[in-house]
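Questions regarding the structure given below will be posed in turn.
Residue numbering begins at 1 within each chain, and the chains themselves are lettered A, B, C and D in the order written.
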Amino acid sequence: MDSAVLATVILALIKIALILAVLFTGVAYYSLAERKFSAFMQDRIGPNRCGPFALLQPLADGVKFFLKEDVIPHHVDKVLYLAAPAMAMIPAMATIAVVPFADPIPAPASGLFASLGQIQFQLADINVGMLYIFAVSGLAVYGVVIAGWASNNKYALLGSLRASAQMISYELTLGLSVLGVFMVYETLQLDAIVAAQTSFISFLPVAIPKWGIVVQPLGFLLFLIATFAETSRLPFDLPEGEAEIVAGYHVEYGSMKFMLFMLAEYSHMIIASAVITCLFLGGWNLPWVDMSSLPAVQRVAAQLAVFTAKAGFFAFLFIWVRWTLPRFRYDQLMRLGWKVLLPLAIANLVATGAFYVVKYTVGIG
Amino acid sequence: MPKITIDGIECEVADGLNVIEAAKTIGIHIPHFCYHPALSLVGQCRMCLIELDPIPKLQTACSTFVKDGMVIRTNTEKVIKARKAIMEFLLINHPLDCPECDQAGECDLQNNSFEFGQGFSRFEEQKRTYSRDIPVGEKLVRIQDRCIHCTRCIRFFREIVQNEVMTYQWRGNNTAMTPLEQDGRRLDTNYSGNMHELCPCGALTLKDFRFKTRPWNLANTESVCPLCSTGCNIFIDHKQRKIFRIRPRVNMDVNTWWICDFGRIDFGYAHSETRIAGPRVKGADADWKTALDTAAGLLKTTGASATAILCSADATNEEALLVKKLAAALGCSAASLPAPGVDPLEMEDHLLLRADKAANTQGLKALGIVPDPALADKLSGGAIKTLLLINPFNKQLAAALDGVRDAVAKIPNLVVLDHNETDFSKAAAVVLPGAVWAEKNGTFTNYKGLVQRINQAFAPAGKARGDFDILLALAQGAGADIACKTHIDAYNEIRDDLLKLEAQIKKDIEALQKAAAEAEKA
Amino acid sequence: MAIIVKKPAPLTFWERIYLPAILKGLGMTMRHMIKTLAGGGVTIRYPEQHKRVPNNYRALHVMPTWEDGHIKCVACEMCSTVCPANAITVHAEEDENPEIEKRAAFYEIDELRCIFCGFCEEVCPRDAIHLTKNYEFVTDNREGFLYGMDRLTKTGRLVSELEAKENKDR
Amino acid sequence: MEFSPEAMKEVEKLLSRYPIKEAALLPLLHIAQREFGHVSLEAEAYVASLLDLPAPRVHGVSTFYTMYNKKPVGKYHVQVCTNISCSLMGAEHIVKCLEKKLGIKPGQTTADGKFTLSEVECLGSCGTAPVMQINDDYYEDLTEAKIDQILGGLK
């Protein structure tokens, strides 16, 4: 085998292992963070039994899920029932493949990876990155719908119906709102988008970074709202709706299968946070700070830290919003999606397009 | 009929009443301790002080008899002050141990101290106390510390029991009521139990009832004592289907204020372990339907001449009516047996107790269920093959059956209806568990023909049923057409008979008294 | 007469776009979080920490005894009489000590029936029953809540333990 | 237990004096005390039988009056008044002296059966307090020295 191919494969495997390890750990502690922050926002203390600051709580939760009896209710469609959690989990994990975390570093001068030239902090640098994300995360709804169907339970079915309708409705806004970003940066590749955000807006007297949030504020808002809906988080958690449909599509699930749904949901949120960071917040770069002069390892560390901080803020935002806003009613959800967000997204698209028409014809900047 | 004014209310009261009784007739209560309508007046507790125009000093209501034009005031400041002073004196030595005291809840002293006592004592010295092991007989418990020297007990023994055994001892602060058992005088008369109600504080309480429960927990059912033909009026004080005590109920025509200690204490058979647990057929437990059907069938098997019904005089009038109807349906005779040498009018002591130890001899007589002397011979001769024996637990019937005990036990078709086990019930082909008097409704007719109602205090124990219902089922099973389905229907049916008997007995008694008076004159 | 339903005033532009209200809400949750993190939380770490109950708090009963261990209760049945929940059963018996005369032979409180009104404590003429602050007496069976004399005389120990704990937490 | 013939004569005289027998109860108890030294339960019963009364009633009367001795007393029954007048004039001191002299407390009898010491209520001689009564005689204006003299004369 060609050594370059071998190196690529080995590097990919290493990256997969690393990313999944980080993702799972992140999900675990994200769930802890959610519980803790929920508590703080409600004047409570939250979990405090397992280890210092309950740091072992995720472990305990995991052990609990592993040790719980694996019940399969007799009335379910067994094959689909068992497949659904995996169908929810796999897209969630697959999405992370195109998310970049830092600038590439030069490959070691010798050894196996020398032939690669550079090592990217991204699993797959494909030129349709954002399309890939839309495509794969759109599949996630299958897990939910199938879970609801297979459970053979009216609450579960209601939950999955709501999920499918909600996701289809908000995917439109999600896709349209981000088109403006693509227009501005003229690429679909996430690392390219991040790189494009290091520059400043050319025609303004003061140096303002050309971040997505600056050039596309409405797009950002729409994308953020749609993301909440896509990840079924409050105020758009109608598929679960504990109060009225008792946890919705996963009502019949327990033990590890339930955990897979939870993993999928929290993975979605982490990946969504990362994607928003890349699209609108300049990824791992800080404006006015030039990290490229640092030695490679320090630079990567700094960039990863910046990226984690930015993504972490959005992850926190998910929690924060959850304990601030109440759940939408179903018709409100639909009205918001179709009658407010979608027209706004189209308007944003048209306005952006018009701006560039004017820009190129008149020649500003 | 003197006209008097009490607290501004003008009224006309009967002649010869004292002020306490006169006030009672118009609903004014004058507190008192030593006064009791049955006992002589002593006027020594001073609680009943009243204002009497124009006498400047307060007068005792108990020893003041009404006169025309009397003006009495019972609620003036002066009177209340006097009562408060008396209560303070009475409570100087009273231990106020109401929590431990059995009298609490029905205690004159407690009631009056609620009204006139104060919440503290000015008496700082040691209260006088007595040793607790002062003898007072088998039936009573005596705590001398609580005594307020009303001398009701002394007067009761002197005047009612006519056996003077209680007396004062010492004087002043040290005064104590004491029994002095000499010359064959004993405290344990058959009437000592009445001290329980008579004593206005907790100095004398009933040993049998001691610490059993609190009086306010008890339900009181008006009834009549079944233990002799006097038919004393009583309250059955019960809780959770259990009799806790029997108290006299005032009826001036029968028992006045008292009952004897047999009636007061002998109710244990209502809750004894020998209560028949359930219906039995040939010694084996059976359900009611089987037992009643079998019994009704047995009664019809041997023909009228070989069948008899023997009923104790403890049956109510209504049950007796059913017995009569059952006998008519079977064509046989219904009878009671004479207790050897018992005259229904004969007294066993000077007060209440009668020799006739069954409650309803006269009632049975009115309905034609009379002693049949020939029956004993028939029983011992084996002529009777089928016998319905009702309540042989009754002492009088048991005594009458004494001579033919074995013969009866050998009767093949013996049906026993009773509440407690006897030799007969053990030998019977069918046993039907009946109710004791506290568990049934009905009427008793006492020695002088007075028809008195007994009320059901609680449901029959365990599987037992009311005798009336059992007899009704038997009579219907034997083919009788019975119109009276309840004891009230039955009473309405026999009311005239009973009243006729009462008039007859009244006439008889008057004749007897007249004869006795003439004999004395001669 | 027609009933006129008052319609709410139409929303303003800023109200209609929700965002200011959402930000305000986010501010409120954040305020609470910061307050809690700064030590202003209202929860306590229960098994280790105990809530300071008010002095007139009423929980599990105790039957005090005299120094010699003799029970103070004279079985006057006032408590069972006054009990609105019928939770108290008392049977009396003769005490060997003639000075005391009467004592409880059987005394039982059904803590599941009890409504902790404190009437029994109030009515007791001998100070023979108190309600302690000990609210930690759960068990997993109904019999465990039937407190007879033997257990009621010992619950006093729990009280002192609880108070010591409270003092420690303070 | 029976009265002497002289006493019986007295009893008959007393009984003839009253319309009902019960009226003679107090004098009869006095006679009983004189005859038997003290009024025991048997003496009460005997008196009761003489008067056709229930014994408990006689008991009530005899215990009511303190002049009837319920327990045997010595040859000399020393009764010291300790009521107000006598107490003010030093009756308590007199009792102390007697206690010391006789070696007994009030209510007790000396071992030789000669003296019984009692504290009693007013003897009705307040003008000459302190007063004591020995059997039927009054001794007035008592002092410690006088007591020595009186007791000495009795021995």
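We adopt the following convention: contacts are C-beta pairs under 8 Å (C-beta built on N, C-alpha and C of every residue); 3 or more make two chains touch, one makes a residue touch a chain.
These numbers come from a predicted model, not from an experiment.
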Task: Selected interface, A-C versus B-C, where C-beta contact pairs are more numerous - done: A-C
- [ ] Can you figure out the chain closest to the middle, judged by Cα centres?
- [x] C
Open item on the list: Using mean CA coordinates as chain centres, what's the gap between subunit C and subunit D in Å?
Closed with: 69
Task: Length of the line joining the C-alpha centres of subunit A and subunit C, rounded to whole Å - done: 49
Open item on the list: Quick check: how many Å separate the C-alpha centres of subunit A and subunit B?
Closed with: 92
- [ ] Spell out, as numbers or ranges, the residues of subunit B touching 2 or more other chains.
- [x] none
TODO: Could you draw the chains as nodes, link the ones that touch, and say if you get a line, ring, star, complete or other?
DONE: line
Task: Each pair of chains that touches, named by its two labels - done: A-C, B-C, B-D
Task: Residues of subunit C touching subunit B in the complex - done: 74-78, 81, 92-94, 98-102, 125-126
- [ ] Would you tell me which residues of subunit B are touching subunit C in their complex?
- [x] 97-100, 104, 132-133, 143, 210-214, 216-217
Open item on the list: Using the touch definition from the top, list the residues of subunit D that touch subunit B in their complex.
Closed with: 41, 45, 54-57, 59-60, 63-66
Task: Contact footprint of subunit C on subunit A as seen in their complex - done: 37, 39-45, 48, 221, 320-321, 323-325
Task: Contacting residues of subunit B [partner subunit D, same complex] - done: 158, 164-171, 178-180, 182-183, 185
